[in-house]
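Below: one structure, written as structure tokens.
Each chain carries a letter (A, B, C and D) given by its place in the written order, and its residues are counted from 1.
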Amino acid sequence: MDKQTAASLLDTMYLIRAFEEKVSELYAKLEIRGLLHLGIGQEAVAAAVCSFLDRDDLLYSSHRAHGHCLAKGGDPRRLLAELAGKANGYCGGKGGSMHISAPEVGFMTATGVVGGTIPLALGSALFCRERRPGRIAVVFFGDGAMNMGAFQESLNIASLWKLPLLFVCENNGYAEFTPISAHTLVERASEHAAVYHIPTVTVDGNDLLAVLQAVEPAVARARSGDGPSLVECLTYRMRGHYEGDPSKYRELSELQEWKSKDPVARFVAWAIDAGLLDETERDAIEAAARSKVEAAADFAREGPVPERDAVSRGVYA
Amino acid sequence: MTPAAGTTFLQSINQALREEMLADPDVYVLGEDVAVGGPYGATRGLAEEFGEHRVINTPISEGTVVGLAIGAALQGLRPVVEIMFVDFITLALDQLVNHGAKLRYMSGGQLKVPLTIRTMFGVSGGWGAHHSQSLEAWLAHVPGLKVVMPSTACEAGALLRAAIRDDNPVLFMEHRGLYWTKDDQAEPTTIESTLGTARVRRPGRDVTVVATGRMVSTALRAAERLSAEGVEIEVVDPRTLSPLDLDTLAASVRKTGRAVIAHEAVVQGGIGGELVAQLQLAVFDYLEAPILRVGAPFAPVPAGEQLEAAFVPDEHSIIAAVRSCLGRA
Amino acid sequence: MTPAAGTTFLQSINQALREEMLADPDVYVLGEDVAVGGPYGATRGLAEEFGEHRVINTPISEGTVVGLAIGAALQGLRPVVEIMFVDFITLALDQLVNHGAKLRYMSGGQLKVPLTIRTMFGVSGGWGAHHSQSLEAWLAHVPGLKVVMPSTACEAGALLRAAIRDDNPVLFMEHRGLYWTKDDQAEPTTIESTLGTARVRRPGRDVTVVATGRMVSTALRAAERLSAEGVEIEVVDPRTLSPLDLDTLAASVRKTGRAVIAHEAVVQGGIGGELVAQLQLAVFDYLEAPILRVGAPFAPVPAGEQLEAAFVPDEHSIIAAVRSCLGRA
Amino acid sequence: MDKQTAASLLDTMYLIRAFEEKVSELYAKLEIRGLLHLGIGQEAVAAAVCSFLDRDDLLYSSHRAHGHCLAKGGDPRRLLAELAGKANGYCGGKGGSMHISAPEVGFMTATGVVGGTIPLALGSALFCRERRPGRIAVVFFGDGAMNMGAFQESLNIASLWKLPLLFVCENNGYAEFTPISAHTLVERASEHAAVYHIPTVTVDGNDLLAVLQAVEPAVARARSGDGPSLVECLTYRMRGHYEGDPSKYRELSELQEWKSKDPVARFVAWAIDAGLLDETERDAIEAAARSKVEAAADFAREGPVPERDAVSRGVYA
């Protein structure tokens, strides 16, 4: 890895972290409402996966979508404005946190339905195969989606049709308030992929380098028309399931343990150690991220409220 | 048991579940996170009291869980399944509609399906297009299903108990926006009298307003304001959308000669159309004006605060419709 | 191209698919067994002509296949998906309703979904409760979807071509009982004029009969018989149930003062209620009798021959409603 | 195996064969209508599985259901009357071929929806676990159902909850007109079951003995509360997908090959060889089956037509 790459990856992670912290703050201040799922603690997955993607690769996300959108190149200003329901948000205030769409940077859509975007990603991958060889589709989903029939149906079709598609499972061990062990005996998405002859690997999702290493060949395989892969990233969400969730179902010790595996801090430590980064650079990157997010907050705050009659416009093309 | 004054809608649901589980060992509760109380505590305490054999956390597999509950009901259990939001019933309609609703008829009466599905619906808090729909009209179109939509805390419990005791699959729809509401006074409601019967919530002589779910309280607010200007609306809550208590609705419109139907679902294709069609047939000669409908515009539910507010019909929408019905602009 | 005289409904569908595939390389056909022509040959010859890349056999995974088609449409392809029977759309409603129908609105206009779903519906041949439903009312309740239901061979092709060219998700419903019917004469139909417009199939002065799908020909048969006794009904086919061409319907009822709505779906919760609600509002002052509805009883579709015949409304049902509307017993 | 068991198994197979041949004949004569899926060629699966079941074990079937119903003890007269739409049919003429229900013999229901009964069977198994330990549920489905999400969701829950359930996949290589290879790279249902730690085996479904051997431990496991199993039976339908299907998608040679593996003839040959049966006995068993079916045809033919207003009765309990 070169210095520039390291800086760019860190930039993405800090941007997501700073963005989510700001969202949490604005939610507490009632400047944003809605059902918000933060990905603090899971930044390495988004940053690593998207570092291999171009603008015209097509990305689908889950309900925990902010980080994916930013990593794909989404504008934090328009994203935050969308969360605030403003007319200058990506969706003009109609979508909100779970329904962000930024197709101009290849971020197709998030979803409020667990597993809901997996089939959609197949279709975009079919399009790539037919019309844009070399382009690929990517879909993020949580461990909770593993037990949705749509996931299995999608693995089957993706493998059968050799679609240029990357499945990324963010396995954070919980679906809402319930640990994965209460949902299935098959605690790894990669076990499912393997049945369908889909190349797959489970990695430490808080280790940016491990994710990079897993994703690189998977993306290459999809680009060269050899079919889908699945990368499963074991990670943890540091905040509640949604903002406001007191997380009583988790032990404090568990949280502490994962705090020590913070993906951002770990990468920083590694990069400094490897001579790719120094403290000053780190500080500068973090500061830049925070100031981007402040600008985004101003943009969102000052953004115009949608016109009332926009409510019934734009239903049909 | 009538809930005490000060009981919230949510507590009333919780109590009803507990009482039915106490009364009948065949009542089982299934759903995502139900063993820890669900997202708002509707099932709180049940796993502790009745054990995780009867209060069963399920994986996120709505279609299969509903099918499973139907299969258990066929054998005589009385499952109460929670589908967290009615938006996700889209994943379970093959099981619910093709199997649950039809098995009694298809089997020539050999089978029955005493199943209750509890589900949240309606707009609140900016949750957007996947957590806010009102899909009752779909289910009211399905022979073999019953559809219940309570509007007060006391009735929520009574209707839920009636649904659980019913020998048919019942979709029980809880508006999230009502969860923390309380009734002004404890209303004695017997379980037996609720399912399939409408209730006149406020008598009036000028216009009948048939309102469902959270729109009942909206209509009652509209009634207060209209009363101040001398217009007395009669507010009727069908409570059960299938089967429908047409008699009570028709009796009201026969008296007032005018009707407005108010629901939170989008107007086009909503249950309001069915009510209009049945009412105009039943009371044609009494109607002094066309029956009006109040509901959401034909659009998905937007997330932003102002758009959401513009989407949901409020008392002004009802007042406007009542005035228009009376020929006053 | 207007199909030649003697073309069946099914051939017309097949030709329309072929023509659109010829005209636009982005049109793709997907579904179970479509590459071998599907169960009745609606897609016959297409795989041979356009290759299996564009005429794609899918596994039995309705939900995912519809989602996949939506994803492809988002990128600009124009998929035409076959869901063999509308009964199985129950498996795909999360994708179709929560995603396909909403993505344009939720994205604030950034996305569009030019998708067509072809599906068989309706009763015929004793296939029973899982292969005979009419679920159009559900889909007409969904903002963002269009719902089309052709009634003649020529129009089937024209409407399908219009659906494929439309930039929105369209549910295109084909009554299996019409597949082998031919039009009396070739009807020149332009593609452009069809979607969203009703058609007066037979002029009349006494009662308007709004009929959909196969019920259009049933209504025309009823018209012949009624005409013999001096009653002239006007038969109007909405063709598109969402959006609905209220103007044409209302103009007819303004003239006749009386209306009967006839569809094959069960009456309760059917699209008839929506039509009644819109019509009574639009033409209240012209109505000389309540609007009546003709449809199936509130029951699943039975399989046995006699029960099935009792289930499906026929010309006698329409004649009885027309007479009742005219005050003649 | 003793003589009586052999006779009883053969009795079941002949009854199914004779029944289906009669259905085909009556359909051709227009005495029966509807969408009929015959299981000629697949009799060994139904006969073997049901030989381990008691009346109060709970059976679910697919669209190809006649054989399952008969093997479970269903009355051929009431079954045929149902296909003929008569009031004395099992469902009073309301169900028809794809919706047979005979709960009095534990045959719960068939379905017109591929995979539709799999979740239902889970629920009946849950009931058995809770209320009737030792009783089990069984569900038959085809290879086409393998790619329905409901199948995967059901495998997950059945294994997680250790339900007393037997999955029986009748893998006849085709879903309608399409060979399994066009639907999936995973051509064996047993591969799916294995992921969920469900004991499973794939056997020659035209070899009654092989099916018996596979099913016996699976049923025992379910009865003793140890959880579900899946038995996959490779078989072949000798007739079209539905009555009237000209089967153009199959080579004649393929049909010929499978004809030589006829499960009834094979079992007869084995049983005679093993001294469990002689030609006379065989003839008697077949003749008895045929005469039962003739009686059923008379019963159905003479059965009363349902009353017209039954159409809207019996929708609710």
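The rule we apply is simple: a contact is a pair of C-beta atoms (placed from the backbone, for glycine too) under 8 Å apart; a residue touches a chain by one contact, two chains touch by 3 or more.
The structure displayed is predicted, hence computed values, not measured ones.
K.L.:
Does A-C or A-B have more contacting C-beta pairs?
P.N.:
Counting C-beta pairs in contact, A-C comes out ahead.
K.L.:
With chain centres defined as C-alpha means, what is the inter-centre distance between chain A and chain C in Å?
P.N.:
41
K.L.:
As a quick test, compute the distance in whole Å between the mean CA positions of chain A and chain B.
P.N.:
Computed from C-alpha means, the inter-chain centre distance equals 36 Å.
K.L.:
Just curious, how far off is chain C from chain B if you go by their C-alpha centres, in Å?
P.N.:
Each chain's C-alpha centroid was found; their separation is 30 Å.
K.L.:
Chain A to chain D: how many Å between their CA centres?
P.N.:
Averaging C-alpha atoms per chain gives centres 46 Å apart.
K.L.:
Pull out every residue in chain A that's touching 2 or more other chains.
P.N.:
Where chain A meets two or more other chains at a single residue, that happens at 89, 93-95, 99, 111-113, 116, 147-150, 153, 156, 160, 183-184, 315.
K.L.:
Using the touch rule from the top of the page, what residues of chain C touch 2 or more other chains?
P.N.:
Chain C, residues with two or more chain partners: 59, 61, 63-64, 87-88, 91, 94, 98, 102, 105-106, 128-130, 143-144, 298-300, 302.
K.L.:
Looking at which chains touch which, would you call it a line, ring, star, complete or other?
P.N.:
Looks like everything touches everything, fully connected.
K.L.:
Which chain A residues qualify as touching chain D in the complex?
P.N.:
Answer in residue numbers: 147-153, 156, 159-160, 183-186, 191-192, 195-197.
K.L.:
What part of chain A is in contact with chain C in the complex they form?
P.N.:
Those residues of chain A that touch chain C are 58, 60, 89-95, 99, 101-104, 108-109, 111-113, 116-128, 130-131, 137, 149-150, 153-154, 156-157, 160, 314-317.
K.L.:
Can you list the chain A residues touching chain B in their complex?
P.N.:
33-35, 84-86, 89, 93-99, 111-116, 144-145, 147-149, 175-178, 182-184, 249, 305-306, 308-312, 315
K.L.:
Residue numbers of chain C touching chain D in their complex, please.
P.N.:
32-33, 36, 39, 57, 59-61, 63-64, 87-88, 91, 125-131, 297-300, 302-308, 310-311
K.L.:
Which part of chain C faces chain A closely enough to touch in the complex?
P.N.:
28, 53, 58-59, 61, 63-77, 79, 94-95, 98-99, 102-114, 143-144, 146, 167-168
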